[in-house]
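Handing you this structure, nothing more for now.
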Amino acid sequence: MTDIAHLGHVEVYTDRFDESLDFFTRVYGLTMSGQDETSAYLRAWDDYEFHTLKLTRHHTTGVGHIGYRASSEAALMRRVEAIEASRFKSIGWVDGDLGHGRAYRFEDPFGHVFEIYWDTNRYEPGPGDTSALKNMSSRFHARGACPRRLDHLNLLSADVTVFREFMETCLGSRVTEMIQLDNGRLGGCWFTVNNKTYDLACTEEHGGGEGRLHHVTYATDQREDILRAADIFLENGVHIETGPHKHAIQGTFFLYVWEPAGNRVELANAGARLILAPDWERVVWTEADRKKGQAWGLKTIETFHTHGTPPVPGKPDS
Amino acid sequence: MTDIAHLGHVEVYTDRFDESLDFFTRVYGLTMSGQDETSAYLRAWDDYEFHTLKLTRHHTTGVGHIGYRASSEAALMRRVEAIEASRFKSIGWVDGDLGHGRAYRFEDPFGHVFEIYWDTNRYEPGPGDTSALKNMSSRFHARGACPRRLDHLNLLSADVTVFREFMETCLGSRVTEMIQLDNGRLGGCWFTVNNKTYDLACTEEHGGGEGRLHHVTYATDQREDILRAADIFLENGVHIETGPHKHAIQGTFFLYVWEPAGNRVELANAGARLILAPDWERVVWTEADRKKGQAWGLKTIETFHTHGTPPVPGKPDS
Amino acid sequence: MTDIAHLGHVEVYTDRFDESLDFFTRVYGLTMSGQDETSAYLRAWDDYEFHTLKLTRHHTTGVGHIGYRASSEAALMRRVEAIEASRFKSIGWVDGDLGHGRAYRFEDPFGHVFEIYWDTNRYEPGPGDTSALKNMSSRFHARGACPRRLDHLNLLSADVTVFREFMETCLGSRVTEMIQLDNGRLGGCWFTVNNKTYDLACTEEHGGGEGRLHHVTYATDQREDILRAADIFLENGVHIETGPHKHAIQGTFFLYVWEPAGNRVELANAGARLILAPDWERVVWTEADRKKGQAWGLKTIETFHTHGTPPVPGKPDS
Amino acid sequence: MTDIAHLGHVEVYTDRFDESLDFFTRVYGLTMSGQDETSAYLRAWDDYEFHTLKLTRHHTTGVGHIGYRASSEAALMRRVEAIEASRFKSIGWVDGDLGHGRAYRFEDPFGHVFEIYWDTNRYEPGPGDTSALKNMSSRFHARGACPRRLDHLNLLSADVTVFREFMETCLGSRVTEMIQLDNGRLGGCWFTVNNKTYDLACTEEHGGGEGRLHHVTYATDQREDILRAADIFLENGVHIETGPHKHAIQGTFFLYVWEPAGNRVELANAGARLILAPDWERVVWTEADRKKGQAWGLKTIETFHTHGTPPVPGKPDS
């Protein structure tokens, strides 16, 4: 096991807290396990930790911070040492919130705040929330789209090559697939710390923003769950941006919507695909490859390349 | 990453080689990447190695050996050292076959032969076999049940507690779920070396055999693939033993059939379930739990508890 | 178009009204469009009439009456004439209830009451219940199992041959598949008045009851909806009797549960199968055929052959 | 039952016969039941007639003729009388081909030839083609996309209002949904003669052609079959025009591809949706409705509005 075990949680900012919370619980199908003055702590029904999404009232949208869980206390300390020895910005230790113990924070050169932690609060289901199957983290509640677990997030940065160095250095993450642009730059990188095909993607910022979020994604058990979710979004007046369709990169079946505050949220299904090879040969996509569209030919719509959160003042669809 | 990266391949014996080969390629949907005097080397369309199933002509049915791939050459040597220092039986180095380089063999106390290796032959698709998507190991051929990759196998042993010690000591594997019998014995253990929920299960031998195989399993991308496969098996006269249904243990959606020589073969889908927690709390099933049947109530049929390969002379359905 | 257009609704009796209503609305996923002193009127989200299930407080369980809608006023009158000219029992005209206009009632020799009607109350969705797609009868609400529409029901009778004559004479229904027992009797008949493969089945009563119901069924759009429903039933403590699996007869994918009062309720999916041939050649199943089990080999459990509602005093599982 | 029972078959012209035949059998998954000098007779595995697609060598692409089966010999004669009494063009009786007996031909004002017939040749499966389930028309072969049955076709005409009169007069067909353009014209009509939601659609010709075909469609049992088919088309180099996605009109889940000669072919799944109401209230879509895109927001690509077969000389994508 690598030092970092898995993506733990994402803090998402919203300037329409009540509407966002209603979306994430009633429509998207997460459940609130707690709240404090500023935030609601949400999780999917089979997430084992207290929360995987921290939804926070804020004057902007976008990402607050990204949390990864270490593999052990010792592994955590090894990572802290590596970060402090690196050229990247350390913030230092913070107390945990409702979801976990102390965490070490650091920042990428594009303004995204990360944290790593070991002590976590496992979710303990109450009487109405305990599954009939003792190996499930809580009851399959079947409310809304009802994904199983947090899957990944996608950040935007002005220089993906630098971001890649940040991920490799600070988290020991590896690149499984990437886009090599004709101009020599990296268009995007897909990273993983475990057998998932990716837990974080970074694509090039085209909107001019700083520290922006492209999307956060939860995983469904079946593709059919995503088709069903499309009808749920439709009936609830949610803006469906694109999908359902299948990505060429990573082969993931996807659906993108915008939650009420404008943050892009995805549902995804990777089928049985995993990266099991310890010496996985990185897949490199060229611009020519990308011109073929997504796996089944869909051309991604314009907003997918420009919209991120927070929006950039004066830029349409950003 | 642990020393052992993943289950690599299973060698299955058949005393009806031609019929078994026809089943595995035309009906089950694996593809032959090579053959030698005794064996056909088969893989699922997205398995990255040369083979994941070695089908071998033999005077019996059952399992020839089980291969796990190490995470590196150094990790391989660490494991060899641990095995040699243990109370378990070392066999020693063997040359690889068509699928991989040298391998170190050892044996559990119940007669199952294991091997670990690092050097592997990646599958290189030819012109007619290259996928339109460059991140797929070969073309999705859509022939037969067409699973995506090798998933796990299930062995039988007279003492699951001892088998567990063997797996922990020799492979550094961990138990994610297990059956605790009222008589104090372990009824079964589910092991993993990575984020898969299990790659090997061992259940108690009730038929009196030695070194027997319960089943080998490949993973499909969707549950619907398994429902479709049930019709394919039906139309091809394959013996469907039980399923499709959902296991209580591990929550896997399953279908069990017997290939022409009698080896039990499964198709399974775990949805998006993974073991991401580095400190996963082992799930313990009691006999009382088991009496409820599988997840949706199906009582497992008698042969599931008695049939293994090779059959035990004089025992019906064994 | 034949004189009778389609199965319109089924009245189900319950001696646990509140629990049954909670089951049918919250778990099974029907919606209440109205109620009167004795009954709740329920429908699936794409049923076009005011109700398809009339759930009635009663001192027993079982079926109250079965309603079929005629193709026109003239067709209704032709059927009334045919019924009155037959050897079967006429009851006469009754006022409609909340769901439809006047109806003509008659009875089969086994105590099941039928009615036919033309005037109906179409369901008019209110503001919170109108679909985003104008061709849907109401909003896809995604609550519970959420089937699309009423599909069929199954009655028990002591003499299926007589019941068949009743259906052909009174409703002009046709038999699409049937079971021919070795003793010369009919074990069951599957009837339809339109292109559905069946809207009513009648199987031989083995429990000794009179006028009993075997089950009522709603149709889901996909098989995957039924697998998902199985988890919903599991998590809500509903008794799952058998399935999900595929029937040999009619090829329907099925799941049977008992609602809180004991009435058997099914979810079914027939895929794209329809009876389009005007001269469809009836399919006859023998006892030998039936011994093979359901399509994928499942042997139907004992209660499926004995349990009906109302239960017969003194008979287990009846 | 109306005079006309169902859509029986479509004759499709191809100027690349061998490639088209390979596509329809190996990739799309139909089976050839016979051939004569000019044509191959193809059917889906559960079509009950000898053929549902007649693929004919021709110097053009497009539709040869459209066959509907009558409900009886008497019904056939009633229709012939109605056609001859109408203002539409009678062609007269022709001998049947390999698939059916004599047929009466007539023509719409836009050059599409129709025929109606009663005598048909049921498909009789041979030893290798008989299903394990006696109620299936032949074995589920699982080759290619493997749809279950013919579903519908879509024709283009310069005046949909006139085409509608033709369908109502000659076939007694009814309109279930239609597009009402702001300019007062009909943009499209969806017709059915039975409980299917539609068996023929006619949309306005924008390419300037005469008697053109927009597409022919077969039905799959599940939406998941269509997602799987998308991968099959991808891996076989078939041009995927648009989809998988869900139509707003009729709510059908769809995927459109072009077979090698350029004829557009669809796979579709309607879930459990049927038109059971004898007095179905026609659904009228306005241009404003249509601007919302398909059900989940996809804007239909340009070629979908311009491409038909045969292509119009000098018009791109026509």
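Order of writing sets the labels: A, B, C and D. Residues in every chain begin at 1.
Basically, a contact is a pair of C-beta atoms (placed from the backbone, for glycine too) under 8 Å apart; a residue touches a chain by one contact, two chains touch by 3 or more.
The structure displayed is predicted, hence computed values, not measured ones.
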Cα superposition angle of chain B on its copy chain D, in degrees to the nearest 5: 180
Chain pair with more C-beta contacts, A-C versus A-B: A-B
Averaged-CA centre spacing for the pair chain C and chain A, given as whole angstrom: 46
Length of the line joining the C-alpha centres of chain A and chain B, rounded to whole Å: 32
Multi-chain contact residues (two or more partners), chain B: 133, 222-224, 231, 234, 295
Pairwise touch network: line, ring, star, complete, or other: complete
Touch list for chain B against partner chain D, complex: 131-133, 139-142, 144, 222, 224-225, 228, 231-232, 234-235, 237
Contacting residues of chain A [partner chain B, same complex]: 1-2, 5-6, 46, 48, 69-72, 122, 133-136, 147-149, 151, 177, 194-196, 219-224, 248-251, 269-274, 276-278, 280-281, 283, 285, 289, 295
Complex interface listing, chain D residues touching chain A: 223-224, 227, 230-231, 233-234, 240-246, 253, 295-297
